[in-house]
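Both of the next two complexes hold chain A, though its partner changes from chain B to chain C.
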Partner chain A sequence: MSAALLLLPAVLILAAGFLYPVALLGRISLNRTSDIGAMEPDLTLATFEKVVGDDFTWELAWNTATLAAGSALAATALALPVVLLIRAAPPRWRGLLSLMAIAPLLVSGTARIVGWLAILGDQGLINAMLEGLGLTSEPVRLINNWTGVRIGLTESLMPYACLVLIAGLGRLDPRLEEAAATLGATRTKTFLRVTLPLAAPALLAAFLLTFVLGVSAFITPRLMGGGRVFVVATEIFDLALETVDWPAAAALAMLLLGALAVALVLRTALMRSARA
Partner chain B sequence: MRRSAFLAAFTAFGIAASAPAFAQGGQPGGQMTLQAYAGIFRDNYTEVVVNPFTARSGTQVQYFDGGTSAQMLGRLRAQRADPQTDVVIMDVTTAAVACAEGLVERIDASVLPVIGELGPMAREAGGACGPAVTYDHLVMVYDTRAVQPAPTRWAAMWDPAQRGRVAVSAPPNIQGLALTAILAKAAGGDWRNINAAMPMLRELAPNVQTFTPNPDGYTLILNDQVRFATGWNARAQLYHDQSQGRIGVVLPEEGTAFQINTINVVANAKNRAQALAFVAHALSAEAQKAFTERMFYGPTNPNAQVSPAALNRTALAPQFRERIVGVDWEEMVRLRDQWNQRWRREVIAASSR
Partner chain C sequence: MRPGWALRLLAFCGYALLLAPVIVVALISFSAGDFLTFPPPGFSTRWYEALFANGQLMAALQRSAILASVVAVIALLAGLPAAYAIARLRFPGRDAIAMLIAAPLLLPTLVLGLALLLALQPLKLAATWPGLVLAHSMVALPFAVRIMTTAFGAVPREVEEAAWTLGATPMRAALRITLPIAAPGAAAAGALCFLVSFDETVISLFLVGPRLSTLPVEMFRYVETRTDPLVAALAMALIGVALAVVLLVERLVGFNRALGRS
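Moving on to the complex of A and B:
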């Protein structure tokens, strides 16, 4: 009884802040849109049929999945050496280094993207350096395209990957690596044969978490894609705030939510099997 | 000190004294809430339209920053059962949705006689609901420091020397829809004929740096990111003045299209009498003249005696009227999805960077 009471505030907050809006979204997705864009109350799956039957939706799904997978993989791969460095550092420095690794989370996503625009833009820092060194005569297109979005999303996902890896690798027993070294293994061999296999569950967890975050990413594709990068989140934005087709936006959002729920279930199953 | 106190008291007395006089004409004091665009629109509209209304009527107007028209529509939908605003100014395509959903009142000259003063296009724009309150139009903006001589045609954006230096808002943004209609009219004689516009848009694509200028094309020009962009005249004219002429504004020879804002009384508004009085004021020749001279939106009330200098910076100037492409925005909404898909597959896809 007391446990249920303790849970009650959290359940109420979850119900008001998540379940109710999602239920409302589900209800809107069952409405109809007239040819001038007016929303007509209904209880129909016609909008879902239209959305699922549109080839462009599947193109969006593919774009979203590949962007999220690529960025999650890159973020995890880049976070690994950072976390290994933190792990190898003297204990008194580890807290500060960990804080630095996740510090980007303290800055708003939009502000970070403005920073990237200044660095990657056609008149940005990198292009100015390349031209100054005489390596290029025309700007290298690093932004307003898929390249820019991949760079920006990887950077924005890295702190999350670091968080997971710091927690996961922190539990590894360093004596196992010391034992390998004592038995004559080189550093590379120790890393490949001991550290990496032991870190596999943490790497998988980092990848899956960043993948799920990448699937729902909106700000980076919107601000760094230059209108050339179409993913599910940008399409929902356009449907809701440009064409004002709320039923279609809600249907697409419900489908994305369903896909994320499936991904989370798979993640949990994979993590369990990895631990086993 | 005494002098300023006296002046403040005198002004307050003047406002208080004039309010009952306004009320005798059937328009009460009290308060109301206006939902409209934020930023420079708010600043200027408040100064030359809202404040004079308050001074005359005694009605306190709370200006609520509505964001985009779509956001305002969302708010009207969410507050359908308990409206928190009384008057809304929004784009004509979004207002048509609000009208069809019963979120705003149906209104005509029998309710508001001033509607009878408006031009036919202004009356028709709102359908059965509120009429047009401002006309804006699509313009080409450019960096006067980098582009010389001053361009006169949209074709200037097609110059291969401008590769990567152009910002165009693609559909579903209405700037992209308007540009397509203008090019279609110029190439094929009918704004609906997207097939006539597509080859030109495909040719333009490699020059385009971004199809979603953030925060807008004017800022990208001022930050040296691009040299050309599409824009709306009123804001472009203000940026031109604020940038000491750095932003150049062109109403191109191939044509332009209107962006129309309508003004509506929210259905079941809590302060309906004040709302009607405000709409009447906003559509009056006096308020229309003041706002055109301040921000260069075209007036919808032909009785507005706008100064020639201000009128020449709108599309209603005699020399520009023939360039206006008569886009029917209600019909455009029906074409929008198809145009959007064609842009994505044929224009944006041809512009890989």
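Moving on to the complex of A and C:
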């Protein structure tokens, strides 16, 4: 059997649905937009200059990077105890506990946002609790702003952090921690001096993966932000479908891809030095 | 070492954050109230009745189910032979091809959606069935190939070689021996491809039109503009489909193995 023939259908789908569109994206980023907003074929860096020279782009980049970094850090920190519990649990519980940790991956992002709206909204669970306890007299705004986006993004990144940590911590020998305990170390000391240093490479991997995913997240910033939170992803969407400035949308998307490529290279280098 | 109380408490907080939205959606879909009030003022099935009576959403549900079925079939038809070639055959550029097939997963879906819009709009394929099928097949294909490469890899080579010795052509051996043994993997791959397409939101947002829209897109638009428990009932429908697929995959091959992890 010829390998080429077997691969042909898959390669055709990828050529038409992936390679050609992405190449065209790069090509269109070199076009320009006329004063009346029409796209003019060209071979210029003018659109890139316009996008990079705009202060708003840098504000978006800063917003995106800080949002992704904060949510990735929180997701990794919260995933660590979950995965440590899975690791310490009796074997027959491990499967169920792992499934519970990664199951949200398979629930549509929009469906989970609906849950967050009911928890964080003005008439939601948190505000009902705060009011019931007499702590607040009027609702605390937890959605349609950055707070809501941060909480929603942290939750949507956590399953990925759990996946990386389950794979990474599964290889750690639990006897090392038992040895520390036998030698008289307290739980806190064992955690800080044995578990944490051993888990560091996996934690770094989890943070970097969730950071990269957070940078390109769209559904959570759009829906939890209620149109009041602007990041690179929402801007690309608006440029493409609302302003219909294709060269600018393409240029911003190319810059995002470039930033992600740099992050990927850094990640590979960091992971290598963390393992060494 | 038995987990201490501090670890148990922190892990509980982690699980609470992970599972809270899904649990709340489930409860509020049975709300009797008019808004996403939690706790709900009472319980009823009125929003499920409203969901089934909503022609636009039911049409979108039907469209998404058809789209996902077509995509699962195409991803399997294209993915099975490709996975067989990658798992079994030696040929130059094998690693490069495997990387190319996994490549769409490396790019943000937002960028893929934009690229597909720019490519399909001038060809008059945006907001059409062929356009959506192509886009969804492209994102589902890497999953199909990955699962099937693992499944074919798990079939002992000797079984196939025995068939050759007994006079079967390589083609016949692959179709009559290897494929049936790997059939649970293929079913799992098909189910996951169905789910990938059925839940796909971001790419679809770029490619749908006023007359051709999918269920996740309708739900996204609904959340953007209104907040009543109807959307929670809709979310439950999506979660129900996802749950059915996960249980099916778990029964067929085991979930972690299907994803190629551990």
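The rule is simple: the second predicted complex is superposed on the first by the 258 of 276 C-alpha atoms of A that agree within 3 Å, B and C clash if a C-alpha of one lies under 4 Å from a C-alpha of the other, contacts with A are read in each partner's own complex, and residues count from 1 in each chain.
Everything below uses one rule, namely that contacts are C-beta pairs under 8 Å (C-beta built on N, C-alpha and C of every residue); 3 or more make two chains touch, one makes a residue touch a chain.
Note that this is a predicted model, so its numbers are computed, not measured.
Enquirer: Clash or fit: what happens to chain B and chain C when chain A is overlaid?
Expert: On the superposed model, which is not a single observed complex, chain B and chain C clash.
Enquirer: Applying the touch criterion given at the start, work out whether A:139 contacts chain B, chain C, both or neither, answering first, second, both or neither.
Expert: In the superposed model, A:139 contacts chain B only, not chain C.
Enquirer: Once chain A of both complexes is superposed, is A:223 in touch with chain B (first), chain C (second), both, or neither?
Expert: Once the two structures are laid over each other on A, A:223 reaches both partners.
Enquirer: Is A:38 in contact with chain B, with chain C, with both, or with neither (first, second, both, neither)?
Expert: The answer is first: A:38 touches chain B but not chain C.
Enquirer: Report for A:121: first if it touches chain B alone, second if chain C alone, otherwise both or neither.
Expert: Touch partners of A:121: chain B and chain C.
Enquirer: Go through the superposed model and pick first if A:158 touches only chain B, second if only chain C, both, or neither.
Expert: Touch status of A:158: second partner only.
Enquirer: After superposing on the shared chain, does chain C or chain B touch more chain A residues?
Expert: Partner touching more chain A residues in the overlay: C.
Enquirer: Is A:240 in contact with chain B, with chain C, with both, or with neither (first, second, both, neither)?
Expert: In the superposition, A:240 touches chain B and chain C alike.
Enquirer: Could you tell me if A:178 is touching chain B, chain C, both of them or neither one (first, second, both, neither)?
Expert: So A:178 only meets chain C here.
Enquirer: Please indicate which partner A:103 is in contact with in the superposed arrangement: first for chain B, second for chain C, both, or neither.
Expert: The second partner, chain C, only.
Enquirer: Could you say whether A:17 touches chain B, chain C, both of them, or neither, answering first, second, both or neither?
Expert: In the superposition, A:17 touches chain C alone.
Enquirer: Flag for me the stretch of chain C that overlaps chain B after superposition; candidates: 39-47, 183-191 or 219-227.
Expert: Superposition on chain A puts chain B right on top of 219-227.
Enquirer: Please report the chain A residues shared by its interface with chain B and its interface with chain C.
Expert: Correct list for chain A: 121, 123, 222-223, 227, 240-241, 246.
Enquirer: Show which residues of chain A lie in contact with chain B when the two form their complex.
Expert: Residue positions touching the partner: 34-39, 56, 121-123, 139, 141, 144-145, 222-223, 225-228, 230, 238, 240-244, 246.
Enquirer: What part of chain B is in contact with chain A in the complex they form?
Expert: Checking each residue of chain B against chain A gives 68, 70-71, 73-74, 77, 93-94, 96-97, 100-101, 164, 170, 172-173, 209-212, 214, 224-225, 330, 333-334, 336-337, 340-341, 344, 348, 351-353.
Enquirer: Considering the complex alone, what residue numbers of chain A touch chain C?
Expert: Interface residues on the chain A side: 1, 3-7, 9-14, 16-18, 20-22, 24-25, 28, 78-79, 81-82, 84-85, 88-89, 98-101, 103-104, 106-119, 121, 123-125, 128, 154-155, 158-159, 162-163, 167, 170, 174, 177-178, 181, 187-188, 190, 216, 218-219, 222-223, 227, 233, 236-237, 240-241, 246, 249-250, 253, 256-257, 260, 264.
Enquirer: Give every residue of chain C touching chain A within the complex, in rising order.
Expert: Answer in residue numbers: 1-4, 6-8, 10-11, 13-15, 17-25, 28, 35-39, 74, 77-79, 81-82, 84-85, 89, 91, 94, 97, 100-101, 103-104, 106-112, 114-120, 134-135, 137-138, 141, 145, 170-171, 174, 195, 199, 201-202, 205-206, 216, 219-220, 223-224, 227, 231-232, 235-236, 238-239, 242, 245-246, 255-256, 261-262.
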